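Same chain, two partners: chain A is paired with chain B first, then with chain C.
For the complex of A and B:
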C-alpha cells in the first residue's frame, strides 16, 4: 500500500501530508499538555518520555539490528550516574554532562558489542545480562557513586551557572519541556538514521549477517556501532531519568528494569520507531499509574482485595503489577508477535481497502 | 585453610552445576533458554515451606509432594506458554520465559509476601563432620555432593538406556526426523520441562537452606548457575557440572582474596569465556551455514 516510487520519497521524514498534519497536531498537543494536566500526571509524562527515548534506542539494537540486550538498565545507570556526577563534581554544564555521559555509555556499548560479534541469541542475552548486573554491583560498592544509599541529582540548570547564565528548571512542567524537546529530536534522529546507509546496514545484519558481510557491510563496525548508538540513547535517557526521580540508588537499575525495557519494544512492535514509542507509553502508564494503584480502581480493586484476603495476602497485592506484566509478555508473543505496531498496520490496511 | 576453600567452593559449585543441569536439559532438547527456571524452583520451595508450616507434615512427605508439584508446574508452563506460540523467534522465546518468570514471581509475592522466611531443611550448614582427619565437611555439602552424583548417574542411565531418554536425544538432533520415526515430540518436550523443573526444585531447596526464602532469592543463584552452564557448554550435561564446580572454585578463591567483588566474578567469567569460546569449554561449536 505504501508504494515508494523513488529514493527521495523513501528518505522523507514525513511520508505524506496526512502524516505531517497529524505529527504537527501531536506536537501541538504535547507542547500545550501542561495546560490540561495536573502536576502528578506531568511527572508521569516525564517518565514516559524518558522511556520513549530509551525504547527507541533499544529498538535500534533489538528491532533493527537483531541483537538481544538484557543489560540496558546498565547503560541507563551509567547515564544517570554519569550526568549527576559530572555536574556535581566537575561542575560541567548540563548539556555537556549529559552528552558526555551518553558518550561514556556508548563506549561501554562498544565494549559489549565486541563479544556480540561472536555470540548470538541466548548467549548474547546472558552476556549482556551479566554486564547489567555487573554495573549495578560496581555502582553499589564504590563510594564515589554513593554506594547502596544512592545519590541526589543536582539542581537541573540548563544554563552555565559559572558564567552567570543560569536557567534553573525547578518544576516538573519546566523539566517536561526540556525532556520533550530532547525526546522529539532523538526520535526523529532515530527515524532518520534508519534511512541512511548505517540504518540499512543494521537491517541487513538483522536479516542475515553473513549475507550482509558478503554485500560489504563491515560487521565489526556496524554491530559495535549499533550497540554504541543504542547505549548512547540509553545514557541520555538515564541522565534525564536521574533528574526526574531526583534521588536514585543502584537498585533502581536492576534486572527487572532491563526486562521491562525489552517488554516495551516487544509490546510496541520490533523494528519500528512508532512501535517503540507506543510500547514505552503503554507499559510505563501501566507500570507507574494503572497497576500501581490497582486496589483503588472501581469494582475490580474491591474484587481483587476480596480475592487476596480469601486466597492470597492483601499486602502482596502490589505484586499484581508483575503478574500483569508477565501475562502481557506471554500474551503478546503468543497472540500478537508484531506487537501494537502490527495491530496499527492491520487497522490501517482495513480502512484503506475498506469495502474489501 | 586452602582445603576448606576448595571444599566449600566445590560444594556450592556442585549446587550451581545441579541447577545448571536443569537449564541445560531444556536447552538440549528444545533450544530454549529458560529464564524462568529460577522462579520455578523458587515457587516449588515455597510450596514445601507452605506444606511444612501450614499442615505440619514430615519433611520427606512435603518433599515428595513438592516434587509432584514441580513436575506438574514444568508441564503446565510448557503446555500453556511454550506450545501455543507459533514459530517464535529467539527473542520471542526469551520473552515468553521471562514472562513466566515475572508471573511466578508476582504470584509468590502475592501469596507469601516479600518478607524473608526461614526454610527448615534437614541438612544444615552448621553441623560439621570430619570423615577423614583434616577434612571438615558440613552436612549440607555432603548432601549436595551425594545428590549431584546420584542425579548425574541417573541422568546418564536415563539418556543412555531408556526409550524416553533416547527419544529426547533424537528430538534434540532433528525434530522432524524424530517425528517421522514416531516420536511424539510434544510429549517429549512436556516431559523435558517436567524433569528440568524437578531437578531445579531440588537445587533450589539446597540454595534456600543456605540463604533465606523470599520471592527474589533464586535470582542470583540462577545467574550463577547459568554462568556455570555456559562455562561448561550448555549442550553437554557433564560439562555443565564441571563448569559449576569450576565456577564455585573460582568464585570462592576470588571471594577470599577480594570479598567486595565476589558477586560479580561469575559475570566477568561468563563474559570472558563467551568471548573466547562462544559455546563454552566442553561443547562443540556449530557455525551457522548460509
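For the complex of A and C:
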C-alpha cells in the first residue's frame, strides 16, 4: 500500500469544504452585521468580541495547560491602561501601543508563571488572585493612572496622525470592524498555535507533567510561556476594551470580572478554542443584555422579582445575574462537562456534511 | 568506553534505602534486563536514570556524558526515552498527538511561527508535516492505524501500552527504558511485543533497558541481565549465568514465586 496522504490536512484551518463553507458564511454574516443591528447591539457585539479574545487566551492557560488564574482582570487592566497611556503620554500609534501593552501584560504573565512551577491548584489560585487585586490597587493609587477617578480613552486613531496619516474610528460601527479583524486574527492564531508543538506541550503538561518532562518538555519554559501568551491575549483584549468603554477606572477590573472570565471558558468548554468563543459570546450576552431587562418581562419578570425578594435580597433582581450564572455552571458541570463545545460536537455529528 | 554506564547509584526515601550502590554497563544496541521481586528498586533505578529522582550517590553516564543531576527534559534531549509501569499518557489527546509529542525535542516551532501558520508553505506547517510523516511510520510499525485519531483515554489497556511505546520511539532515543511493557497483556500480545522489541533493537538501532517479570521473555531476548533484591545487586550476567545463580533462584525464580508474580499481574488487570 503506497497511498501518499497529505498530512497537512490534519492541521489545516479549513480542513474540509464544509468547514470552509460555514466559515465563509460566518464571515459574511459578521462583516455585514452593522447593516442589521442597532447601535446599542453593535456596542454589545464589541464587548462580546473583546471577551472572545480574552477567553481564548485564558483557555490556553486554563483549558490547555491546566493552570488556573484568578487574576486575568489584572492583565486586562494592564492592556487597557497601557494602550491608552502609551497613546496619550508618549504619542505612540495605536497598533504600536496595543502590542506594547500586550507585551507588558505578557511580561507580568511570565513573572506570575514563575511560581506556577511549584504552586498548584488552590495555591496558584491564591497567588494569581493576589496579583489581580494588587494591580487594581496600584492603579487606584497612582495619579498617572487617573487614580480612583479613572481615565478617558484617547480618540481611537489607528493611523499615524503625526505623519498626517489619520484614520479616526469615531463610531461604534467603525470600531466594530477593527475589533472584529483583530479578534479573527487572534482566534485563528490561537487555534494554529494549539495545533503545533506549542499546544501539544501545553496539553502534555496538563495531562501528565512528569511524562511531559520525561519526553523533553521544559516545564519552566512552557508554563511561563502559557502564562505569557494568555496574558498577551488579555492585554490586547483590554487595550480594545478601553476604547469600547471610552472611560474606565480601577473597579472596572475587579475580582468578579476574573471569575466571569473563568465562567466563560468553563461554560464554553475547557481546552477548546471554539468553546471559548461560544462561552464568551453567551455569557457576555446574558450579562449585558438578556438578564439586564429580565424584570421587565411580562409575568416572568414579576414572578422572579417576587421570588428574589422573598429568598435572596430586598432590592429585587440585583443578584439575578449571579444566580443564573451559578445555575448555568451547575448545569454544565453536571450534564455536559465539555461545555458548549461538547454540545456543538454532538450537533455536528448530525450535520456532518450539510449542505453538500 | 562503555556506551551506557550506571556507577554505584543509590537513593533513600526517609530512611528506606531503596537502591544501594548498584552498578552496571550496557553495550550499545543490546537488550539489558533488570529483574527482581516487587519493591526491589527496579523502577527507582529508571527514575534516577531519567532524572525524576536525583540519586544520593553515584553517576549515570551516556556516551561519556554525565547525566546525573540533569533535569528530565535535558536527559530526554541527550537521547533517553522511557515508558512507565503504570501507563502515563496524555489521556485527553489523540494517539497522533501523543506520538507527535515524542517529536517535541526535534521540533523548533515557536509561538510566532505557530500563530502565523497560514498555509502549507509556512515553515511551521512544513515542519509539522515532516514530523507527521516520521510518526506515521511508527503508527504503521506498531499497527496503530485503526486508533490513530482516537482519544487515548478510551483505548484498551494493551493499545495504550503500545501508544506509550510509540511515543518513546518517536523521540528517536539512543537508549530506551521499558518498565514492565508486557504487564497486563495476554499471551498473544506478549508474543507480538517480544517481536516488536527485537525489531526496535534491530531496525531503530536502540539500546534497550527492560524491566520485565515474564521470565520467558526476559531469558529469550536479553543479552545481559541484572538481578537485584532489596536495592542490592545479586548478580549481573548472561541469561544462562543469571538463571543458575542460587540467590536468584531463592529470591524469586522458584516455581512458586513465578506463579505468584503471574497471579499478581492477573489481579492488577
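Assume the second predicted complex is superposed on the first by the 329 of 356 C-alpha atoms of A that agree within 3 Å, B and C clash if a C-alpha of one lies under 4 Å from a C-alpha of the other, contacts with A are read in each partner's own complex, and residues count from 1 in each chain.
The working rule: a residue touches a chain if its C-beta (ideal position, glycine included) is under 8 Å from a C-beta of that chain, and two chains touch if they have at least 3 such contacts.
All values derive from a computational prediction rather than experimental measurement.
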| item | value |
| --- | --- |
| Partner chain in contact with A:329 - chain B first, chain C second, else both or neither | first |
| Touching partner for A:36 - first (chain B), second (chain C), both, neither | neither |
| First, second, both or neither for A:229, with chain B first and chain C second | second |
| Which of chain B and chain C A:210 touches, first, second, both or neither | both |
| Touched partner set for A:121, first chain B, second chain C, both or neither | first |
| Superposed model, chain A: greater residue contact from chain B or chain C | B |
| Contacts of A:299 with chain B and chain C, given as first, second, both or neither | neither |
| Chain B/chain C common contact set on chain A | 208, 210-211 |
| Complex contacts: residues of chain B adjacent to chain A | 27, 33, 81, 84-86, 88-92, 94-96, 98-114, 215, 219, 223, 226-227, 230, 260-261, 263-264, 266-268, 270-271, 274-275, 278-279, 288, 290 |
| Interface residues, chain C side, partner chain A - complex | 50-52, 71-73, 76-77, 81-82, 84, 88-93, 96-97, 100-105, 107-111, 114-118, 120, 124-125, 128-129, 132-133, 136, 167-168, 171 |
| In the complex, chain A residues that touch chain B | 62, 68, 70, 114-115, 118-123, 125-127, 129-131, 133-134, 137-138, 141, 208, 210-211, 255-256, 259, 262-263, 266, 270, 308, 311-313, 315-330, 332-334, 337 |
| Residues of chain A that touch chain C when the two form their complex | 5-8, 10-11, 189-190, 192-193, 195-201, 203-204, 206-208, 210-219, 225, 229, 271 |
